[in-house]
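Labels run A, B and C following the written order; every chain starts at residue 1.
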Amino acid sequence: MILLSYATAIIIFCIGLYTIMVRRNLFKTVLGLALMESAVLLIIVSSGYIPGGVPPIAPFSGQAVNPLPHAFTLTAIVIGASDIALALAFIVKLHRHYRTVDLDRIRGLRG
Amino acid sequence: MMFDTAHELFRIDTFSMVMSALVVFMTVAVSIYSPGYCEERTTFRRAVFYGAPWLFCLFSCLGVVSGSWFMFTISVELSSLALFFIILLQDPKAARLYIFSQLLGAGFLLTGTALLGALTGATAIGPVPGDILWLFLTGLGFKAAFPVLHFWLPQVHGKAPTPASALLSGFAVKIGVFGIARLVSPDTGTVLPFLGSVMAIYGVGQALLQHDAKRLLAYHTVSQLGYIVTALGAGTSLGIAAGFFHTVAHALFKGLLFLSVGTLEKVYGTKDLDHLGGAARELPLTFSLFLVGALAISGFPGFSGYASKAMVKAALYEIPNPLWYWALQAAGVGTVISFCKVGYFAFIRERDPGLRPHREHMPGGRKDLMRNTGMALPAAATLTLGIFPGFFAGLGGLESNSLFGMKDLLPAAATFALGISLFWILRKWFGSGKHEIPDIDTLISKGSRLSAPVFSILQSMNCGLLRFYIAAVVAAGLALMFLM
Amino acid sequence: MTLVLAIMLPLLSAFLIPFFHLARKTLSAGLISIMGLASISAALAAAYTGWYSPAVSLMGGWAPDIGIALVGDRLSSAFLLLTSIGSGAALACALEKFGGGPWRFYALFFLLLGSMNGILLTGDLFNLFVFYEIFSVAAYLLVAFSMSWQALEAGLKYLVLGTIGALFILLGTAFTFMATGVLNMALLAEALASIPRETLTAISACLVLGLTIKTGAFPVHFWLPDAHSSAQTAVSALLSGVLIKVSIYALMRVCYIFFLGTNGTVFLAITVTGSLSVLGGHLMALRQDDIKRLLAYSTVAQIGYILIGIGCASAAGAAAAVFHTFNHMLMKMGLFITAGNLSEEKGTREICGLTGLWKSHPVWVAAFAVLSAAIVGMPPMNGFMSKWFIILSSAGAGTVIPALVIAAGTVISAAYYLRILSAFISPGEGSSSGLPPSVPRKPRRRSISFAIVGSFALLCLVLGVMAFSPFFRECFSSIGQTAVDVEAYVGLVTGR
């Protein structure tokens, strides 16, 4: 239980949430998503911490921190990376049509 | 097992047999009438015109013999669908109004049935507990034209093709009444007579102001349904039998009246009483058949309407509150006035010279023969039931002679005298232009303008702005957190 | 073994397709149909196994608390059957339209199929999240496949909103892991009973929000109309018919296993969301001019019906929801394929432009009429029967309002489907003027698509009539009972 990690994670999550709700630039929306993702992953990793634990790399002596969250985080990082890559590809293609990355202009589909 | 609720498949008793016989009879009469009326070009449309009444007959028979509310609702929905197709041939807007109102009614009935199954474990057709009664009454009220829920009836019955109107007014609304008859219990004794009397008086009042003949007949349907509902509200077996007798009688004479107005429509090309006239000379057979129907609905002794109204009033003697009896009497006077009006303006006085009768529809032609034969069947039945009401009187435990006693003949005579004299006094006023009071169906078109804000709110929510969408997601998340 | 095969075969096909493309430039349609048939048979075999004897497959032999378990019970079998039929139909339509040419499309398709089977068979919460993300990425790409600006914009919005949903699911999973230390769904069912109230609230809010975003319920449905209308015909049918249903399965599994005994307000929230979806979806559909967007809003409303069924928190509700899911797949896939083909023939997607189709394509219009009667809920079609079961189960749960909302929804949906049908049947300018068309066009033969649409329409009628038979009701009742029977699920996985 590292309080600092949790607090940081919450702050980063809120910054990410603010970014996606308020910023009009599409790149910033994508960055906000990445920030939110990182915050959640930080929470996961820090949840496995055991005070006085050593990295779970064999051979080790004493108690190791929980390796399960590390596995989840790695998987989730990969997933997040592919999502962000896809989003950026969409932005590039969309820019060719709309000539802008302003979210308030990209509203052709409505009603 | 999970979705089964206890019920028998069929419940066949005297009333079911009577209603089935009635619908078959009406459909036969309408099918004989139809070749004289139908002017559809393509085979497909003609097939719908002739075939749909029989589909309606099939589903209505299934409805009246069904043993559970669920089967009843399904059969009623399917019969409405059959009629929807015929009305679609002539007036799509009225057809849409019809099917929407019927689907809404069926929705209420389904909800009621589901709650009945959840509360009692059985959905057999019969009286229901008091707290879900409103669902059933609303659902059946859409079909049986209860006061506010009747908004579809004048427009649909007025604009449908005449054979469909005859079936609609003749039988389709009766299925709703049949459902109410199955529901009758001490709980309904308070609300049904009130609703019935309001329907009776309101229907006659609106009918007096109409100049479209079919819309006038449609309002009379509302009024006569009021008689039936009031009789059912008495709650006794005499009341139920009286309701059934009037149902059968009304189906026959209202069908007859609609068919005769349909003849006028085909011969002169209009249903407007302001322009019609003089038909008694040119269509004597039609006029005499019309007269049978008009005398029956007004309650002239010797016709079925008199016997059934006498029985209804006999049932009402048992209710302590005399208000309903006098309401029905007043409606009776109004009925006499109204049919004097139709008879006079459509048949007796001089016609608008601009109207010429169509050659192929004149007497002596094949079409006229089909129409008159089709009308003769209900007319004969009306006369038979009027002179020999024994079967129905027996159902209610009365002797048939008691219906012809002084206490019934005297009010009937008084009603006639009052009605004819009032008509003669007001004759000029009726002929002088349009005096319509708007009914609820005009509110619908206004109501659709009122609902525009809802649509514009919804439409502005789907604005295309991604940031708005994300904000909506976050708001939903916060609401969820608060809810839990 | 069959459970693993159901997931591995489609994934293998997806990975092999680029290699085949390297070898020869255009793939033959035959090769793809063989791969499709293999994947679908594997899924059906898994469904069959799961139906008669619920199966558990522990990956790598690790015990449930540290490994990943694949579970196939009756609920999974029902949904596996659904996705097999749906993806088979969509694959056939796509093959008929494109042939074997676009290899990327088929690679994505098989990736989607594999991940769908993964979601349906997994017994581990984080594994669910992983498969869900693979499924979502494939879906985003399929939506944007045609590369028109509408498809790209729809794909982008779907991606952003879907990723937010996935983030909430991940957050919920994180909280669950932090509170209990296990991620296996069966073990969690036991562990969640003993965690503090506030933690449970946070977990349930995050999970339900994330999963509801993916199913497209009303307040969070905004990606659905864009995505389902801008995609190509086969993809729209797949999206509305199959992908949404897999999201519904995930919601059902998570809510029934985790929250049935512990947090009852989850189901109240789902019922409220369902009722709002019914009203919002139908009312928005009433205003649409674009036929595919109208069908997409109709999907939102039908998802509302299914959510009302789930929200009853009873076996009857679950069974009714599954029945309606199945019916909606049949109806909506048929409707989308018909609408897509007819709008291609006419060159427009506007309803007022789709006139005169009764003369030129009468059988398509007849099939559309049957399917719309089913989706509106006219007896004796299957849509009416599943609507009746949902009303019955919500009455059994004691509420009247969802049933009345469904009744109102019937009338509104009748209004807009009648509008479409009257547009189809009305004569239109081209035929009434009698002039020959300016550009003579060879009518496209779409016999396979029509065979699919016709058989779906027929199935609607057959299922509606069969719903009266006790055998059929027994089947769906058992699915419902399996869905809510948490102890049986736990016992199945842990062997107790």
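Here are a few things to note about the model shown:
In this section, a residue touches a chain if its C-beta (ideal position, glycine included) is under 8 Å from a C-beta of that chain, and two chains touch if they have at least 3 such contacts.
Not measured: the values here are computed from a predicted model.
When the interfaces A-C and B-C are ranked by how many C-beta pairs touch across them, B-C comes first. Of all chains shown, C has the CA centroid lying nearest to the centroid of every protein CA atom.
For the pair chain A and chain B, the distance between C-alpha centroids works out to 66 Å.
One inter-chain figure worth recording: chain A and chain C are separated by 28 Å, centre to centre, where each centre is the mean of the chain's CA atoms.
Note on chain placement: the centre of chain B and the centre of chain C lie 44 Å apart, centres being C-alpha means.
Multi-chain contact residues of chain A (touching two or more other chains): 20, 29, 106, 108-109, 111. Among the residues of chain B, those in touch with two or more other chains are 459, 462, 466, 470. Chain contacts: chain C has residues 156-157, 160, 164, 225, 287 touching two or more partner chains. Listed in rising order, the residues of chain A touching chain B in the complex are 17, 20-22, 24, 29, 103-104, 106-111. Here chain C touches chain B in the complex through residues 156-157, 160-161, 164-165, 168, 201-202, 204-205, 208-209, 212-213, 219-220, 222-223, 225, 263, 265-266, 268-269, 272, 280, 283-284, 286-287, 315-316, 319-320, 378-380, 384, 388-389, 391-392, 394-396, 398, 400, 403-404, 406-408, 410-411, 414-415, 418, 422, 470, 473-474, 476-477, 480, going by the rule given at the top. Residues of chain A that touch chain C in their complex: 20, 26, 29, 33, 36-37, 40, 43-44, 47, 68-69, 72, 75-76, 79, 82-83, 86-87, 90-91, 93-94, 97-98, 106, 108-109, 111.
By the touch criterion given at the top, residues 66, 126, 129-130, 133-134, 137, 140-141, 144, 147, 149-150, 152-157, 159-160, 163-164, 166-167, 170-171, 173-174, 177-178, 183, 225-226, 229-230, 287-288, 293 of chain C touch chain A in their complex. Considering their complex, residues 459, 462-467, 470-471, 474 of chain B touch chain A.
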